[in-house]
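Next up: the structures, one after another.
Each of the two complexes below includes subunit A, the first together with subunit B, the second together with subunit C.
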Partner chain A sequence: MPAPLLAIRGLSKSYGRVHANRSIDLTVEEGSIHAILGENGAGKSTLMKLIYGVETPDAGQVTWRGDPVRPTSPAEARKLGIGMVFQHFSLFETLTVVENIALIVPGRSAALVARIRDLGREYGLEVDPRAHVHSLSVGERQRVEIIRCLMTDPRLLILDEPTSVLPPQSVTRLFQTLRRLRDRGVSILFISHKLEEIRAICDRATILRDGAVTGTVDPRDHDATELATMMIGRDMPPPPPAKAHKPGKVALELAGLDHVPDDPFGQPLSRIALRLHEGEILGIAGVSGNGQAELARLVSGEVTLPDHRAAEVLMLGQAVGDLGAAARRDLGFAFVPEERLGRGAVPEMSLADNTLLTGHRAGLLRRGLIDRAREADYTARCIRDFDVRTPGPRTEAGALSGGNLQKFIVGREIMLQPRLLFVSQPTWGVDIGAATAIRRRLVAMRDAGAAVLVISEEIEELFEICDRIQVLNAGRLSPSMTVRDIRVEDVGRHMIGATEGGAS
Partner chain B sequence: MRLGGFRLARRDRASRKLAVVAPIAALLLSIALNLALYVAMGRNPVAVFHAMLIEPVTSWSSFSEVLLKMTPLLLIAQGLAIGFRAKVINIGAEGQFILGAIFASAIPVWFPQVTGAWVWPSMIALGGIGGMLWAIVPAIWRVRLNASEILVTLMMSLIAAQLLNFLLVGPWKDPMGFNFPQSVIFPLDATLPLLFPGTRVNVALAIALIWSVVCWFHIQRSFQGYQLIVGGLAPQAAGYAGYSQSRAIWMSLLIGGLAAGLAGAAEVAGPVGQLQRSIASGYGYSAIIVAYLGGLHPVGIVFSSLLIAILYIGGDNAMVSAGLPIAAVRVFQGSLLVCYLAAITLVRFRLIREPGGLRA
Partner chain C sequence: MIGLSFILAGMLAAAMPFLLAALGELVAERSGVLNLGIEGMMALGAVTGFVITFHGGGHAAGFLGAGLAGAALSLIFAWLALSLRANQVAVGLAIGILGQGLSALFGKSYESMTVAGLPKLHLPVLSDLPVVGGVFVQDIVVWLGMAATLAIWAVLRLTKLGLIIRAVGENPAAARALGYPVIAIRYGAVMFGGLMAGLAGAYAATVYTPLWADGMIAGRGWIALALVVFATWMVGRVFFGAILFGAVSLAQLAAQAGGVNLNSQLLASLPYIVTIVVLGLISSNKRLLKMNGVASLGEPFGP
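The block that comes next holds the complex of A and B.
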């Protein structure tokens, strides 16, 4: 039997007292699509950084095609034949595709263009080499990243949560590309926490929990529940039962809102119409970049309309189009934005000080002065009730993991007891346990009579918690669909704009 | 970021211990650098060191001069720091200082025979108003037209200097002053009461210290101070929470202008005793260094203003006793700031040795 492409034995890495990786064993065969499965914080990213030479291990050994190696930089890893596509793309938006690639790959521009076209045809990664990156969709940008890796003829390609940014149709296409790569002899390490995807494409899966391997299996032989149990070490809590309820008064209404954002790269919105009642959850589905960010700012009050258009946004019985974010919050509105660091929280400030950001309304001020005791109390309750894992309230928000910070922000907003709660991308980059907890909280808010608006890319999530769904595509909002009456494919059709004229 | 075999990693929280150690380390490092420079220039480093840093604090008479110099720096820097934390960069304190001086001088210039205990407090108040008025212009331009307050405040300083010149060679020139560009000498009631007899230290030092306490309270306890800091650290978060950016700009510039105006008034009504060109001696610019050296923190600024004042007085000493050029003081101030900015990186980050990182 030939030596495996990559074999790892007893690899460990600690940061201070945190054991990010504990004695990891991993074997990747030639021509295999191998999944690394785990919750956020399970050590997936650390393991990839060790393989790709971004970090160096404390102990353990790596063999590459039978030879022991110790890559200490990405350049060395690339020389061995390891390529990596990061979750967050590293492309310059103002440059063209070929200019971006030329920054890393030597060669004349014309020759590079020809190779980009060749690779595109061969692997289904078509993209215009002369296009500027800012004009490309997320899917196309990812293709550029993959092409850039393929330029160096890798034997192993690492993809960090590649599907988290893609619409369902693009996922299918990406999978075709990955299968074709495998057939040409490129092995793939596929990092994900989406169980269904892994079962669809991978032939091996290594499951991590708390920095250690809990199993290496063929994912096609196990169903999602079994994999989930290995991943989170307990049975997944069942989704909350849908409770019968009757919607109350209208809490938010947009009636044919048009908006052209100041940002020239922003997505203009056209005839946006929605109506949300107290006691229900309305989901906005669709791929990011179709107007989600613009719509969120109009609802939150971070972008306001001129006085004469105030009535185009009705919130809790008032025309609020010209009111700012603070005035809307005073009416009983709360909001969790999609960017946590720098928008939903100030990274350099402690959790306690971040509580104050919007929580000051909950009686944390006395005559313009901060009541530190009440601030500490509010923060402590938020950390406890929403299971925020942190050394303490004095920890800076920037030091928390994405999922924990999200729990903190969601907690801070829910504790304000809003009548209208708006959450954008509630579980982006959040592990399954935390995501389930957040979803249950949103449902509990609805059951308590609040109106909840959710923007999400994850269709399964919307189907799990929403009463109704509308789809945002190219700045237009589809008609409302009642979740009980539709299937995922109906939403998918709206997401790619395949229902023009057919909507009713 | 990597440095040789080391890597910078973000701390969970800023280290309080290092927040105190870093400025001291920066001071020691810049002293070492500058002494090396003096040696290279052929001066006796021990003599220079003694003249610059020891002499100013060893006798009461020279230390009282340090306190006098420290007063305007402290007043202005505390005001500027509020704006700097909100990322509203007012570098025109010099102009606001001059306007404060001009406004305060209006009373003794127009009423040279004035008497009464109300005179000097009114002059101080007028000075604060003058400084604020001068800061209104950049505030309006920034809020309405989105013009950079950095440029506008700086240009307003140049205008203020010309306004001062115009008054001193024209309408406000002392008719009995042998044509020197100076105002009348202020009457006794138009000068600040002394704090310590036998020195020139006046009540302005007390005002500056009280002002420091107010500023400390402002950032520690007031919600408004908190909002300004949020706006500086994360403008998107301030927008998300609905904090008004225009308000932050107005508050920052007005407070900065008020503080600089107070300092300008205290200068003409204090050690100078008349309006003259030399009052514009760069306190407004040095206060920027003072604010950053003090970590934009009210307590730190008390120490940094004292340090920079010592350097001023010590630099004068060194010029006389060690033959050092005046530029040497500026080099010292500059190197101090550079060392400090490098050192504070370690307050928020720590160096980690990379086990495999020791490579060529």
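The block that comes next holds the complex of A and C.
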């Protein structure tokens, strides 16, 4: 039997007191698509950084095609034949596609352009080599990353959560590319927490939990529930209960809003129309970068319109287009932004002080001064009611894990008892347990009569909690679809956009 | 007409200290490092160049020494800002003041002394043209400075080295993930900037006004810094901005000499006003700023 492509024995890595990887064993065979399955924080990314030479292990050994190796830099790993596509792309926006590729591939520009076109045709990775990266869609950027890896002739390609940024149709296309690569002898390490995808494409899966391997299986022999149990160590939490309800008054209305953002790389919005009632959840589906950030800023009040266009945003019965975020919050609006650190919370400030940022409306001030006792009490209630795992209200926000901080921020906003709640990417980078808790809370808000607007990239999440879905693609919002009547594919069709003709 | 040919003949030489210093700073900033110590590096280069030339070392040795002095001072800046990751603004200001202090110290016994400038080269035909002929009567450094402008543009735009410098400036973390030694590249860019600042100082002290006076750089380093930003980090615009500044400085001199009835302080501030207005207008293009601006400028980077 030939030596496996990559064999890892007893690999460990700690950051301070956190054991990110504990004695990991992993074997990747030639011509295999091998999944690394685990929740956020299970140690998947650390393991990949160790293999790719971004970080060096504390203990353990790596064997590459039978020889012991110890890559200490990505350049060395690439020389061995290991390529990696990062989850957050490592492309340079102000450079063109061919310039980005020339950074790691030697050769004349014209020759590189020709090779990029050839690889694009061969593997279904078409992209314009002369285009600037900032003008590309997320799917196109991923193709550039993959092409960049392929041009170094890798034997092993590591893909970190490659589908998290893609609409469903592009996922199918990516899978075709990956199968074609495998058939030509490239092994693939496929990092994901999406069980169905792993069952669809991988022939092997190594499951990580809390930094350690909890199993290595053939995912095709197990159903999603079994894989999930291995991944989270207990049974999957059930989805939140659906409840019949009657929508009330209109809480938010945009009637054909056009907007050109100040940022020249931003996505202009065109004729955005939506109407959200009290007692319902409206989901905005679509891949980030299609106007999500711009729409969020217009609704939250971070970006305001001139006076004469105030009526283009109607919130809780009032024209608010020219009002700032604070004025909108005074009407009974609350907002959980996409970026937790820096927008949702100030990382260097304590949880108590972060509560005050929006919670001062809930009686935490006395004659203009902060009432510290009430502030601490209010924060403690938020921590308790929303199951935030933290030493206490004095902890710095930046010290919390993503999931816990998100529970805290969502809790802080819900405690304000808003009539209109807007949450952008509610469970992005949040573990399953916390995600389920957050979704239940949003549903409970709806059932209590509030209007909830959710922007999310996770279609499954939107199908789970929303009453209606609209899709934001290339700055245009699709018509409203009632979740009961549609399937995931219907949403996917709008995500690609009728006008683009499947180019994304 | 006499005024115009006076301006045309002198503007390139007047622009040279700004141009050389700004080109060096542009390279440093493109790699993501903001070096506010340019003024001090010019001052140190000026005194070094002057002293060497004064003692008979010749202009070539003077320029060489000045460049090395500027680079040495920028090495201290780079060590503090890049290796120790100190705040670039604070370190840049401190190093700048250090350079000006050293310049005053070394130059103390040379106050008001002079050296010979560089001869102006006469080109056949071109130099004899009416009105514009003066443009082609320049010293050798002017021609070398123009060649350097073209070379720096070509390196940044057309070569892999330039690509790497731009990549490091936009996203150092990604550049490192690709295997590039970000800190070493920034050291190189900063020291190139120091070298150019030193040369700019030597030009000011031994060619443009070949006379030593303490504080003779007189804010030219700051103008160079401003030129880089106003020029949206583009080499061609730095060149244009430096020449505009040189031309307007000469224009106001010509106006004063010609007896234009205007407050002389107002005239003296004209170069600053015109440069700010013109470059301010062309740098208001947000798209250009985003394309050429340096995303990681001034931010410390390290493991």
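Heads up, the rule we're going with is that the second predicted complex is superposed on the first by the 488 of 504 C-alpha atoms of A that agree within 3 Å, B and C clash if a C-alpha of one lies under 4 Å from a C-alpha of the other, contacts with A are read in each partner's own complex, and residues count from 1 in each chain.
By definition in this document, a contact is a pair of C-beta atoms (placed from the backbone, for glycine too) under 8 Å apart; a residue touches a chain by one contact, two chains touch by 3 or more.
None of the values given here were measured: they were computed from a predicted structure.
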First (subunit B), second (subunit C), both or neither touched by A:Gly342: first
First, second, both or neither for A:Pro264, with subunit B first and subunit C second: second
First (subunit B), second (subunit C), both or neither touched by A:Ala75: second
Partner chain(s) touched by A:Pro306 [first = subunit B, second = subunit C, both, neither]: neither
Which of subunit B and subunit C A:Pro2 touches, first, second, both or neither: neither
Touching partner for A:Leu103 - first (subunit B), second (subunit C), both, neither: second
Dominant toucher of subunit A (residue count), subunit B or subunit C: B
Touching partner for A:Leu95 - first (subunit B), second (subunit C), both, neither: second
Interface residues, subunit B side, partner subunit A - complex: 10-14, 221-224, 226, 229-230, 233-234, 236-237, 239-244, 348, 354-357, 359
Residues of subunit A touching subunit C in the complex: 54, 73-76, 78, 86, 90-95, 99, 102-104, 132, 134, 262-265
Subunit A-touching residues of subunit C, taken from the complex the two chains share: 160, 163-164, 166-167, 170-171, 173-175, 177-180, 286-287, 290-292, 295
For the subunit A and subunit B complex, residues of the former touching the latter: 56, 58, 70, 72, 300-302, 324-329, 335, 337, 339, 342-350, 353, 356-358, 360, 365, 368-370, 372, 391, 394-396, 398-399
